[in-house]
């Protein structure tokens, strides 16, 4: 008799076959891009079937690879189709003009309390909210520099784990803080990349 | 020193580099691949790009397509990143880590050709990029099936209990590398290398060749 | 085969064929699930950290089934560590568990950042590379 894993694997492979049949039949480039991104989800399903703590750890790299390839490819698509100016009026919602800054501050503060990767995501949402509302011509070079240094700090933390494992607590704090700064910076950069003309 | 399940993979291990659970190793085979990737990366760092000449049809005029300025810096950066990813892929001692390095090579290959302004090359880069994205599905699928069926991802453990990796996982990982490395799809490679800027563009060939040599080794040992 | 627009279709055909063979083989000879996995997952419903609980005492010893435990002498320390705030929330209420850490384990995921840290290095490098491509192309379009 088949166990649960074998049944799950069969279902996941049916999903993979469906994805690739869709990719085979689709001729529109933008739809192909979306299908390729959806296909990543079926790969994540195969990883999730392992159902251990390790599987949880393997899903995040799998997810990030898909997102980053989507990021690069959509930019290539825009260049190829010469879509370098927004076709319609930039996206405006009234609440963003009137919303108080306090919401952004709360989000950033909550993100810092959460810390780590998730905290970075929450704080990044707060930053995007603030930047979209206030039409800031923010200093992108500064944010990018922060992001770069945070990445380097996190690599330093990794080497502390590997070379001097007895200082693990210091490495945890370093990595937690660096990941928070990095994810926040990256999210606010990506979130505002398609904004105003003078950004 | 920690104990490894088997003492040698494809020849005596020369040097082992442990990163926690991921143990990179240099056997004579992987060390040779590593050296090759290193030399080619150094070539990319220190050499100046070629200037491809175009003859204007029917006249004596020639014009050179030069790679200069920011474009040059960007492509050199991408080629170096591709070289480093290749070095990682050929020495990695873990199936999932190997698949991640292979995906990184795929992203870097897109990057090398992305800045070219020729619309044909851009079209190819886009199509190749989608194949590279789709190819991560069989790659990660293969790693996941291996982990579920054997309980380990380390190539050391897998080679000790060989043949351990399900044959379907081997086939999937091969197809995944085919997608990232563009091996049987001659049309994409020919179009990609139409881009000017020789040492950087040739990094595409070198990295995919080395990835193939490595994946064959993995399939045969585990 | 010589047309670049058929590239994706060509690759899809190869994968579809392989996946179909795989499906048939899974039905005929199911792949067995190995029971001795590394980093096994335990569900302990009485724990206040329930879905994320990986066991262990902060600053004490924690049992973690790693591949090469000798490589990481302080295995489990990162997993068991909670910030004072999270620890307070964990002991005060059974239901604040999911909001506490928002990461499996302690402040950062030990598997991702310690034992299998190399994976995360490669992963962030991929993101970095893709971001470099996107921002380079974006800036170049801006300058025109």
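Labels A, B and C are assigned to the chains in the order they are written; within every chain, residues are numbered from 1.
Please note the rule applied: contacts are C-beta pairs under 8 Å (C-beta built on N, C-alpha and C of every residue); 3 or more make two chains touch, one makes a residue touch a chain.
These numbers were taken from a predicted model, which means no experiment stands behind them.
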Category of the chain touch graph - line, ring, star, complete, other: complete
Chain pair with the higher count of C-beta pairs in contact (B-C, A-B): B-C
Chain A and chain C: spacing of chain centres that average the CA atoms, whole Å: 14
Distance between the centres, which are taken as Cα means, of chain C and chain B, whole angstrom: 23
Sites on chain A at which at least two other chains make contact: 5, 9, 16, 20, 23, 32, 50, 54-55, 58, 61, 65, 68-69, 72, 75-76, 79, 161-162
Sites on chain B at which at least two other chains make contact: 19-20, 96, 100, 103, 107, 110-111, 114, 123, 130, 134, 137, 145, 147-148
Junction residues of chain C - those touching two or more other chains: 5, 8, 12, 15, 22, 26, 31-33, 37-38, 72, 114, 116-117, 119, 122-123, 126, 129-130, 133, 137
Touch list for chain A against partner chain B, complex: 5, 9, 12, 16, 19-20, 23, 29, 32-33, 36-37, 39-40, 42-44, 46-47, 49-50, 54-55, 58, 61-62, 65-66, 68-70, 72-73, 75-77, 79-80, 161-162
Contact footprint of chain A on chain C as seen in their complex: 5, 8-9, 12-13, 15-16, 19-20, 22-23, 26-27, 30-33, 37-41, 54, 72-74, 77-78, 81, 83, 85, 102-104, 106-109, 111-114, 116-117, 119-124, 126-131, 133-135, 137-138, 141-142, 144
Chain B to chain C touching residues, read off their complex: 1-3, 18-23, 70, 74, 77-78, 81, 85, 88, 92, 94, 96-97, 100-101, 103-104, 107-108, 110-111, 114-115, 123-124, 127-128, 130-131, 134-135, 137-138, 145, 147-154, 157, 166, 168, 171-172, 175, 178-179, 185, 187-188, 191
Parts of chain A lying in touch with chain C, wherever the complex brings them together: 2-6, 9-10, 13-14, 16-17, 20-21, 23-24, 27, 32, 50-58, 60-61, 64-65, 67-69, 71-72, 74-76, 78-79, 84, 113-119, 151, 154-155, 157-158, 161-162, 165-166, 168-169, 172-173, 175-176, 179, 182, 186, 189-190, 193
Partner chain A, residues of chain B touching it in the complex: 19-20, 96, 100, 103, 106-107, 110-111, 114, 119, 122-123, 125-126, 129-130, 132-134, 136-137, 139-141, 143-145, 147-148
